[in-house]
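For reference, the structures are reproduced in the following blocks.
The two complexes that follow have subunit A in common; it is paired with subunit B in the first and with subunit C in the second.
After this line comes the complex of A and B, so read on.
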């Protein structure tokens, strides 16, 4: 319990640091009032906005004001969309989840069996093919893979839509046709990484004496691998899996931009490009919070799964 | 080639023999990669024959790399031999399949050296011991629990431990769990691969005595693999001395320790520490030169000749056969 409280306090400190960074960023990048009114506004209009938005006050006052509203989940109004930032972020996160969740599911669905088979048949042709593919999957830049996939499946074969999200009212089939390509490409990197991790953790436990004993007891090979070896190999795998969601956040910025998917990653990219500082500040904080949450979840899972890690 | 004195006709095992190993060989290919087919082999075990009689404890001793563990794993059929046979009852362990293999998996059990690696860290003690009973469908459900409790008592742990995880125990206790797991299915043969070398000396004696007591009670034979000549002297009826995958000398424990005939055995025994300082003086140590040679390119003729104090030219030319010098006492040396 003390451990959990300790971790929560740590997480809170990191989020506060991220907020401070986000605040400072607004002034590093330029004059926030100028960005709000646009470059063509007259000096009087600019000054009027500066006063009305409170940018004329001392920096320290603005800082505490910003922090106070931020902890109340109020990041102000988007310069670009002219509406509250938080609902936009929430909506875009949901749309990102439409890609990210099936992508992570697919990554698990492929990486666990392929990793196990690769380890069990170590140095066989299956293993070589799996390892080579995983290496390519991890090394190939995903924006390039995305563009190649669009060229092949959309331009050349014409069987999948090249970009965008289907109209919310359209049928499941149409919607999933839009999800399919970006989802698979988003999953490639975690899939490749997790396959390699699965293989190495299985290889590690497969040479343990308790696996040998299980075999000597007369257990079937399937049981030896899936009950004794896999259950132990999954301990590090699951924590790494939770952390891969963090990578998906980064990946989604690229993939959502390539596929024009209206998700959180693309919102962040667009906002950075347009200098929509409130959205960037809120987005940055969201990323920090998500990452801290996932890390905490990974650690909690570890204590749950591994009896050797004592619950403190 | 060697072992002529031991070569037996294939046929039914005599009643008092539990396991008969004949001309066992295991060659591991080395340097094999995807692009390069293997050209060389390691002769981990080269033409080894011996028998384990009912109720007997046979010790396999040798330095690291002598092939002790490889023999143990072949008898467990964890690895397949290159050639040779291992007769166990009606079964040849080397080729058993299906039902025969399952029956053998029940009748031969193993204890490993490292009590930290040999128990699944995610399973509780109860299920660890129970699994063998489940696999071989022994006893009813209720009887299985009873048996687990009784086994834990027998190995000196107490039935209350069934719901604890392995990491909650000390090394000696974990080794006791390993023993309980092995005995659960009432094996006829127990392969103990360095059962005490990972334990403290004080605990070693406890575990060895426990094995001795259990042998009487559960009526099994044992193949004890060890590099510790003291342990083997204490626990074994018969001792087989291995060097580079070959048998150097084989004799009843009393005879071997009182009167070692092979120069390798003599040097091993001379290196054994003597607890009584007054007796140390009348002992001369035979110190071996150099290291154990690479098993990829073992010496010609007698594999021990490169380190042997009495080696002659002849030793490089002929592989010494394993010959019986007195009843039950075999040695592979052309000189003595």
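After this line comes the complex of A and C, so read on.
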């Protein structure tokens, strides 16, 4: 319990630090009022805006004001879209989930069996192919894989749409055609990583005493592997799996931009490039909160699944 | 009699000890080289990377064309093995401005390696320094540095990189700084834990009692013991640096577009390629193999020196 509270406090500190960084960002790039009115505005208009937005007050007052509204989930108005930031972020997160959730599901669906088979048939050709593919999957830059896939499947074969999200009113088939390519490419990195992880944990577990015991009892090899070995190998796997969701955040910034998918990652990428600081601030805070939540979840899962671990 | 005999034997035995240490160290490196040679993947990677370094160093002599040389008459040439190639002096074809893809690839390797190696050196030095301060001085300095490290590891590093680059503007030095910013914490943690571990051992307390200072402790005990772990991190940092350089440049926030880098070449190709797949294909392949080689080498260092994953 103390451990959990400790982690929560640490998480809050990280979020406060993220907010402070976001606040500082607003002033690093220059006059924030200028970002609202645009470079062509007259001096009077600029001054009027500055007063109405409160940028004429002392920095420290603005800082506390900013923190106070941020805690109430009010990050102000986007420089670019001229609407409240928080609702946009919520909407975009849902769009991202349409790619990220199936991607993570696919990653598990492939990495668990491939990792197990690779470990059980160690140094067979299956193992070599799986390991080599996973290594390439980890090394190939995802934006490049995305571009090459668009080139091949959309421009050359013409069987899949090259970018964007289907009209929400269209049929499931049309929608999933749009999801398919970015989703698979988004899943490649976590899939490669998790496959290698699965393989090495199964290899470790296979030499444990309880697996030898299971074998000595005369259980079939399938039962030994899939019941006794796999169940124990899944413990570290599940915690790392939770952490890979964090990676998906960074991955979706890249993939959503390449595929023009209107999700959270692309919103964040565009806002960073356009220096739309209110959106970046809210996005950064969202990422920090998600990261901390996932880390906490991973820790809790570990304790839950492995009775030998006791959190202090 | 015996005392003089002992006294006369003193210097040679001392000398022998030194040569033994040197020999032990030499045989350690020899063993490492032998194991590297035996590991097919790691040996192949090492050869590949040496070749890359050679290509980068000799770019101006081995590149067949000027990487910036525009040849409008030979725009968008296909690679030489394709039936559509009309001018075989351009082996891998030309880009939208008629610049030779192969020469650009070769020159781009210079920037890639400069960025990657500098990023490792900067992040390593900063990390070692922070780790030493953290481990030796403890108390609030330790707390501040370690919380900083936690904070930095609490965000996806690509996100930090993108934001900082957007704020400070793109450039080579800026990029190296940003990559170092996202990597120093790993070195700091390794060095800090090594300091704490070593500080309490009897042999270090004995050497302290004999008057050995902090510097001797750092260079004789802490850093040599942390070396293997740091080598593992360094080889992965090299891979990450190449990856980030490419990603950030691709999104227009890395190396300025005028300088050929693999990331910039893919970015150049983005709008115009349609069917000109080779604009982006070869630079991406170069990134993939280089990152792969560094990863494989990192795996080997980890296995060989038996470094536990953190």
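As a working rule, the second predicted complex is superposed on the first by the 310 of 312 C-alpha atoms of A that agree within 3 Å, B and C clash if a C-alpha of one lies under 4 Å from a C-alpha of the other, contacts with A are read in each partner's own complex, and residues count from 1 in each chain.
Keep this in mind: a residue touches a chain if its C-beta (ideal position, glycine included) is under 8 Å from a C-beta of that chain, and two chains touch if they have at least 3 such contacts.
Not measured: the values here are computed from a predicted model.
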item	value
Clash or fit, subunit B versus subunit C on superposed subunit A	fit
Where the C-alpha centre of subunit A sits as vertex, the angle toward subunit B and subunit C in the overlay (nearest 10 degrees)	70
Which superposed partner A:246 touches (first subunit B, second subunit C, both, neither)	second
Contacts of A:287 with subunit B and subunit C, given as first, second, both or neither	second
Which superposed partner A:209 touches (first subunit B, second subunit C, both, neither)	first
Subunit B or subunit C, by number of subunit A residues touched	C
Subunit B versus subunit C as contact partner of A:308, first or second or both or neither	first
Partner chain in contact with A:218 - subunit B first, subunit C second, else both or neither	first
Contacts of A:144 with subunit B and subunit C, given as first, second, both or neither	second
Shortest span in Å between Cα atoms of subunit B and of subunit C, once chain A is used as the common reference	9
On subunit A, positions contacted by subunit B and by subunit C	none
Touching residues on subunit C, where the partner in the complex is subunit A	147, 150-151, 154-159, 162-163, 166-167, 239, 243, 246-247, 250-253, 266, 269-270, 273-275, 277, 280-281, 283-284, 287-289, 291-292, 295-296
Subunit A to subunit B touching residues, read off their complex	123, 128, 208-210, 212-219, 228, 231-232, 235, 305-308
Touching residues (chain side subunit A, partner subunit C) in the complex	10, 13-14, 17-18, 25, 28-29, 135-136, 138-141, 143-145, 147-148, 151-152, 155-156, 246-247, 249-250, 253-254, 257, 268-269, 272-273, 275, 280, 284, 287-288, 291-292
For the subunit B and subunit A complex, residues of the former touching the latter	33-34, 73, 76-78, 101-102, 105-106, 108-110, 112-114, 117-122, 131-132, 135-136, 165, 167, 181, 185
